[in-house]
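Two complexes are shown next, each including subunit A; its partner changes from subunit B in the first to subunit C in the second.
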Partner chain A sequence: MKAINKWPYFFALPFVLTYLAFHLYPTMYSLVLSFYEWNGIGDKAFVGLQNYVRLLTDDPLFFKSLYNTFVIMIMSIPATLLLGVTVAYLTFNAAKGRLLLQTVNFLPYITTPVAIGFIFSFMFDWQTGFVNEMFIRLGLLDEGVYWLQEPWSAKAVIALMIMWKHLGYFMIIYLAGMTAISQDIYEAAKIDGAGPLQLFAKITVPLLRNITVFLVVTSIISGLQLFDEPKLLYGGWSGSTQIGGPDNAALTVIWKFVDESFISNSNFGYSAAIAYLLFVIIILFSIVSYRLTAGKEESR
Partner chain B sequence: MRRLSYAFLALISVVSLLPFYLMMTMSTYYTEDLFKGLPLWPSDFLRENLATVFRSNFAQVYLNSLTVSVAAVASCLLISAMIGYAIAKFRFRLRSALHFFMMITMMVPTQVGLIGYVIEMKALGMGNTLLPVILIWTAFPFGAFFMTQFIKDTVSQELLESARLDGCSEPGIFFRVVLPLVKPGLSTLAMLVFLWSWNSYLLPLVVINNQKWYTLPLFISNLGIVHRTDYAAMMTALCMAVVPLLVIFILASKTFIKGITAGSVKG
Partner chain C sequence: MSFGKGKSRSSALLLFILFAMLLAGCGAGPAGSNTDSQPSPAGTDAGTAEGDGAKDPKQISATIKVWDWDEAFHETMIPEFNKLYPNIKVEYTVVSNTDYLQKLQSGIVSGSDIPDVIMGEVGYRGKLFDLDILDDLEGAPYNFQREQMLDYVVPLMTNSEDKLVGIEQQIAVAGLAYRRDLAKEYLGTDNPDEIEGMIKDWDAFTAKGIEIKEKSGGKVLMLPGLLDAYFVLNGQRGMEYIKGEDIDLTGKMKPTLDRLFDMRDKGIIGKLENGSPSWAASFASGDYLFYPSATWSPKWQVAANDKDGSGRWGLVAAPEGSFTLGGTSVSVYKDSKVKEAAWAYMNFCYLSDEGTKIAAEKFGFLPGVKSFYENNRELIDKGSEFDAFFGGQNLSKYFVEKVVPGVSGQPQTKYEAIVTQAFKTLYPLWTKDASIDANTAMSKYIDEVKSKARDANVK
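== the complex of A and B ==
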C-alpha cells in the first residue's frame, strides 16, 4: 500500500506535457530569439542585448505605443469601475428584473471583438456614422466630427469600446460581492439614520475593496495586452489596412509587436524583445498589485 | 429616487443593446441604402444579403470555427479535469510543486511565446492546418486552476475511498465518479473556452495563412478588403457569427454568471 502511487502523476501528465510543448518551449524560444537578429528565413545573428537597447533608446514608436496603451487604460478603467459599481448597486436594489438586467448588460462581453470593431467604426464614421447623424439631427452639432481621425477622440472611442464591452462583467462581479455582504450591517446603519447614498459610500464601496483590487489588477494586465479592439476599429470597415490609426494614435504595444513580426516586417528577434519587455512591465504591475492586497491584510 | 434609478438602468441597457440592434437592422438593408439615413427600422434585403454571404466559402469557415471550438473545449476539459483531480484529491510528493507550477503558468501571457509558437507550428508541419489554434487550448492554466478548485469543493474523499474499496480502477473512478459530480463546473468551463476560442482573433491572424482554414473572426475582418465592400452582407455574416452565441448564453445565463463570479469573489 505504501508503494508510490503512479496515478496522480498519470493524471497530471497531459497538462504538464502539453504545457511544456506548446507554452513553455515557445516562450523560451522567444526569449532566445530576443537576443538575435532574424527575419525568419536567413541566418540568425547573435546581437546580445542590442534589441532591448534599441527599443529603449532608439524607437520612439515603442514609447508612443506604451503611452497610447496607458492613456486608453486611464480613460477606460476608472470610468468602468465607477459605472460598474453604480449599475450593480442600482440593480441589487431593484425590486424586479435582476437576472434580466445582468443578462442584457453582459451580452457585449461575449461578443466577438470583430463585431465590436465593425459596429463601432460604423457608428463613429465621419460621413455615414450613426453618432454624427444623431448629434446633427438633435441639433447638438452643426457638422460631423472626425471621431476616428483625431488622436484624442480615436483613443476615446477605443476606451469607449472597452467600457461598453466590460461594463456588464464589472457589474456582475460587483453584484456577486454585494450579495456576500451581510444585510445586518445595512440594517444597523439604517437604524443609525443612514440614507441610501451614505449606505452606498460608507458601507458598500469600502466592503467591496477586495473586488475592486481584483478588477483593477486584471484590467491592467489585460489592458496592457490590448490589441483586438484598436486593430479591428481600423481594420476593415473602411477598407484601409493602415497601421496604428491616424498618426499611430491608436497603436498599442501588442499591435506594434504583431506588426513588427507578422504584418509589415518579420523582425522576429526585435519583436520578441518587445514581447519580453511588455512581460516585464506586466510582472511589475502584478507585484505592485500583490503588495496592495497583501498590505491590506496586514493592516486588518 | 426609485424611478430615477430604473430610468438610469434602462438607459444603460439600451446602450448595451443598441449596437446589436443596429447590426441586425443593417443586415436587412441594401448596402447603398445604408448611407441614406439612420438604419433604425428593418428593411427587406436580408434574403439577398444571405445569398451574398453564402456565395463565399462562409459555410466552410463556419465549420472551421465549430471544429476549432469543439476540439478546444473537449481537449481543454479533459486535460484540466485530469490535473485538477490529481492536485485536489491525491497526496503525493510533487503535489505542492505541481500546484505552484500551475499558479505560475497562469501569470504568463500567451503573447510572450507567440513568435516561438508560430515558428514551432511551422516546423512541425502544422502551419497549414487548424491544429495550431486548437493545441493552444490543451494546457489552459485557468482551466486547470478552475477544475482543481471545483473538484476540491465538490468531490468528497469518502466517496472516492468507497469506490476504491469496491474495486473500481482509478480511470474508472475518474470517469464514472468524479466527472459526473463536477458537471456544473465542466459546463461553465466549456462555455468559457468555447466563447474564447470562438472569438479569438490574434492567434488565427498570425498562424493561419490559407483562406481555406479561416475562422469566423478572420474571415469577416478580411471580407471588406477582398470583395466589393458590401457592408450589409458583412453585417449579415456578423449576425450569424454572433447571434447563436448570444442565444446559448441567454439560455444558460444563470449557470454562466455563477461560474464567472466563482473564481473572482473567492480570490
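== the complex of A and C ==
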C-alpha cells in the first residue's frame, strides 16, 4: 500500500490553523453571540431569536440603513460599470499616453479612504467648498447648496466618492478582459464594415460579459458593506462627529452595526445579529445578481 | 516520499511549536496584569487632596499604564511625579479620544493590554461609567471624599448608582468668547462687565442680536450656528432628566429648542456647522460676535483658529448662567493590579497641591479640587498664558469668580451621548429648513433618540 504523503498537509497546516483560529472561530462565535445580549464586558444573557425579531420588527433605522445602502449602490454601480468600460475602451485604443491614462485613473483606488473623506468633505462644504464656489462664480447659483446636509445630495456625494475611487479598478479589470479578446474578431468585423461604435457595442461589450458579472457581483458584496466613505465624509473634520448624516440619510448597514457596537450603544449581541442578517442578504443578492448578469448558460 | 522516524519527530515538534504560537497569540494574560506590582501597605491615605498622606511613597513599586490623548501633559508630569514616587514607572499611550472607548472595550473583551488609568471624555463618559469597569474612588484603597471637589463637578463624576468613579481632570466651565473689535463697533464697548450687563438674559441677547444684524446689514450675527447655541442653552440646564430607562427629553430639551428656534427665526444665528472648515475660518473673519468658550477653548479653539487675533478677544459670562463644555474624567480600572500606584499618579496630577500647581502654570489647567483655590490665590491672580490673547483679561480669575458659581453639572448616564448625537444628526436640517418649528423638531428629536435608545421610554 502506498504511504500517505504528509508533507502537503504539513505545509498547509499554518494556514488551516490560522483560518480556524482567526476566521472560522470568530465567525461561528459571532453567530452564537447573536443569540445573546452582551455589552462586551458583563455577563451574557441568552435571548434566543429576540435580537433578530427586534431587528426585523422594531428597528426602523435598520431598514433605513438598508434602504440607504441600496440607493447608494444603485446610484454608483451601473454608472461606474458604464464609465469603467468606456474609459477602458478609450484607453485600450489610445494611440499615445495609455500608461499615463491608466495611472491617473487608478490613483484614486490606492488613495487612503481618510484622504478621500477629507477631499470630498472640503469640496462639498456649503460655504467654503470648491463646488459651490464654482457654481456661484459661473452664475448658476446665488447661494451655495447644502450638499452634505440634504438627504438626497448626501447620498449622491457618497455615490460620487465610490465612483471616483473605483473607476480605475473597473478600468483595469476591463482592460485585462479586452486584452484577452482576439484581434481577429475585430479585423473580421472591420472587413464586414463595422464602425468603432458597433465594434464596441457588438463585440467588446458582449465578450466582456464574464468580467461584468465578476464586477457586478463583487460590487454588490462590497457595496452592502459600505462604511468608509460615508463615515469619513461626516467624520473627517476635527469637530464633526455626525452619525448617519442628515436625518440618517447616509447611514449604511455597517455604520449602523458599528454604531450599535461601539458608538451609541454597546450591544454586541444585537450587532452580531445585524452582521448575520447582512450576511444572508449578501448571499441572496450575490445569487440574484449572478443569475441576472451571467445569462442562461452560465447560471444553469 | 514518506517520513522517516527522525523526520516524524521533527515534524511533530514543529507542529507543537505552531500550536503553541497560535495559542500564545490567542490567549493573552489576565487583563491589567502587572507582575512588578508591589502594593503599598494597606490603609494608604493617598486619597487626601494634598497627596502627602502615603506612608512612604518610595515603598510603592509598580508600573502603571495610562491611555490619554494629551501627550504633552504626561511628558511634563511624569518626571515631577517620579521625584516623589521614584519606583512607580508610568507608561502612557497616546489614544485619540474619538477611538478611546472602542479601543478600551476591544482590549477588555480580548484580554489584552488595559490601562490602569482611564480617561472619560464627556462625549462618551456616560457609556464608560455604565460599563461597570471603574473603581469606586470613595472606597478602599482610595478613600477619597467627594466633598473635596467643587460641587458642580460631583454629578459629572458619579455613575447612575451615585458611586464616584472618576475625578475631574480640569474644570470645563464655559462662558462666551467675543470679538472685541465687533463689540466696540456694535455694542459701543469691549468691557466684559458692561457687555455682561447688556446680555443679562436671552431676551436681551436676542434683542441685541437683532440690533447688530440690522446695523451691520446682516453681516454680523451673534453665534455661528445652532450647535454653538445648543451647547450654551443645553449646558445651562444640567438636570437629572434620565432616570434608569426613562428619558424626559421634552422636559430637558423643549425650553432649549424653543429658545433656539426663536433665535434662528429672528436671524441672529449663523448657519455654520460646528467643527467644519468654515466654522474654524469664521474666528478670523469676524462675522460672529460670540463663541461658546470653556477653560480649554482659548488655546484649542480661539488662538488655534485666529492666529493673528492676539488682543482681539474677550470673555463674558453667558446670559442666564454658566455651563460646562467638554471635560474629561480620570478613573482607575477596577481590575487593575496596581491600584495604589495608579491612584498615586492621579492624586499627584489632578488633586495634589504640587501637581495641580504645575498643571496650572504649564497648561492653564484649573483643577476640580476645592483646596487648589484656597491655597493658590496668587496663581489665579497671576493669570495664564492666553490672557494676552484676550486683551489682558485674567481668564482664570474670570472663570473662577464669574463662571464657576452659576454652573450646574449634568449627571452622566449611558443615554447622554445618544441625546447629544441625535441633536447633531438633526440640527443641520433645522438650520436649513426654517419651516420646521420647535414642536415638530421636538417630536422628531424624540423619534431619533427612541431609534437609538430602544430600551428606553422616551417622552
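Brief remarks follow.
The rule is short, and it goes like this: the second predicted complex is superposed on the first by the 285 of 300 C-alpha atoms of A that agree within 3 Å, B and C clash if a C-alpha of one lies under 4 Å from a C-alpha of the other, contacts with A are read in each partner's own complex, and residues count from 1 in each chain.
Here is the rule we use: contacts are C-beta pairs under 8 Å (C-beta built on N, C-alpha and C of every residue); 3 or more make two chains touch, one makes a residue touch a chain.
Keep in mind that this is a model prediction, so the values were computed, not measured.
When both complexes are overlaid on subunit A, subunit B and subunit C end up clashing with each other.
Judged by the touch definition given at the top, the superposed model places A:Gly40 against both subunit B and subunit C. In the superposition on chain A, A:Val114 contacts subunit B only, with no contact to subunit C.
Contacts of A:Gln198 after superposition on the shared chain: neither subunit B nor subunit C is touched. Once the two complexes are laid over each other on the shared chain, residue contacts for A:Tyr29 go to subunit B alone; subunit C is not touched. After superposition on the shared chain, subunit A has more residues touched by B, the comparison being subunit B against subunit C. Of the two partner chains, subunit C is the only one touched by A:Arg54; subunit B is not.
Looking at the shared chain after the overlay, A:Pro8 reaches subunit B, while subunit C stays out of its contact range. After overlaying the two complexes on the shared chain, residue contacts for A:Leu99 are found with subunit B alone; subunit C is out of touch. On subunit A, the patch touched by subunit B and the patch touched by subunit C overlap at residues 4-5, 7, 10, 14, 18, 40, 122, 127-128, 235, 237-239, 241, 262.
The residues of subunit C lying in touch with subunit A in their complex are 1-3, 11, 14-15, 18-19, 22, 25-26, 98, 101-102, 105, 108-109, 123, 127, 131-133, 271-281, 417-418, 421, 424-426, 428-429, 431-432, 448, 451-454. Those residues of subunit A whose C-beta lies close enough to touch subunit B in the complex are 4-5, 7-12, 14-16, 18-19, 22-30, 33, 40, 83, 87, 90-91, 93-94, 99, 101-108, 110-120, 122-123, 127-128, 130, 133-134, 164, 167-169, 172-173, 175-177, 180, 196, 211, 214-215, 221, 225, 227-228, 231-232, 235-239, 241, 254, 257-258, 261-262, 268, 271-272, 275-276, 278-279, 282-283, 286.
Contacts from subunit B toward subunit A in the complex involve residues 1, 5-6, 8-9, 12-13, 15-17, 19-20, 22-23, 26, 34-35, 37-38, 78-80, 82-83, 85-87, 90, 92-95, 98, 101-102, 105, 107-120, 135-136, 138-139, 141, 144, 170, 174, 195, 198-199, 201-202, 205-206, 216-217, 220-225, 229, 231, 234-235, 238, 241-242, 245-246, 249-250, 253-254, 257, 260-261, 264-265, 267.
Within the complex, the subunit A residues that touch subunit C are 3-7, 10, 13-14, 17-18, 21, 39-42, 54, 58-61, 122, 125-128, 146, 148-150, 235, 237-248, 259, 262-266.
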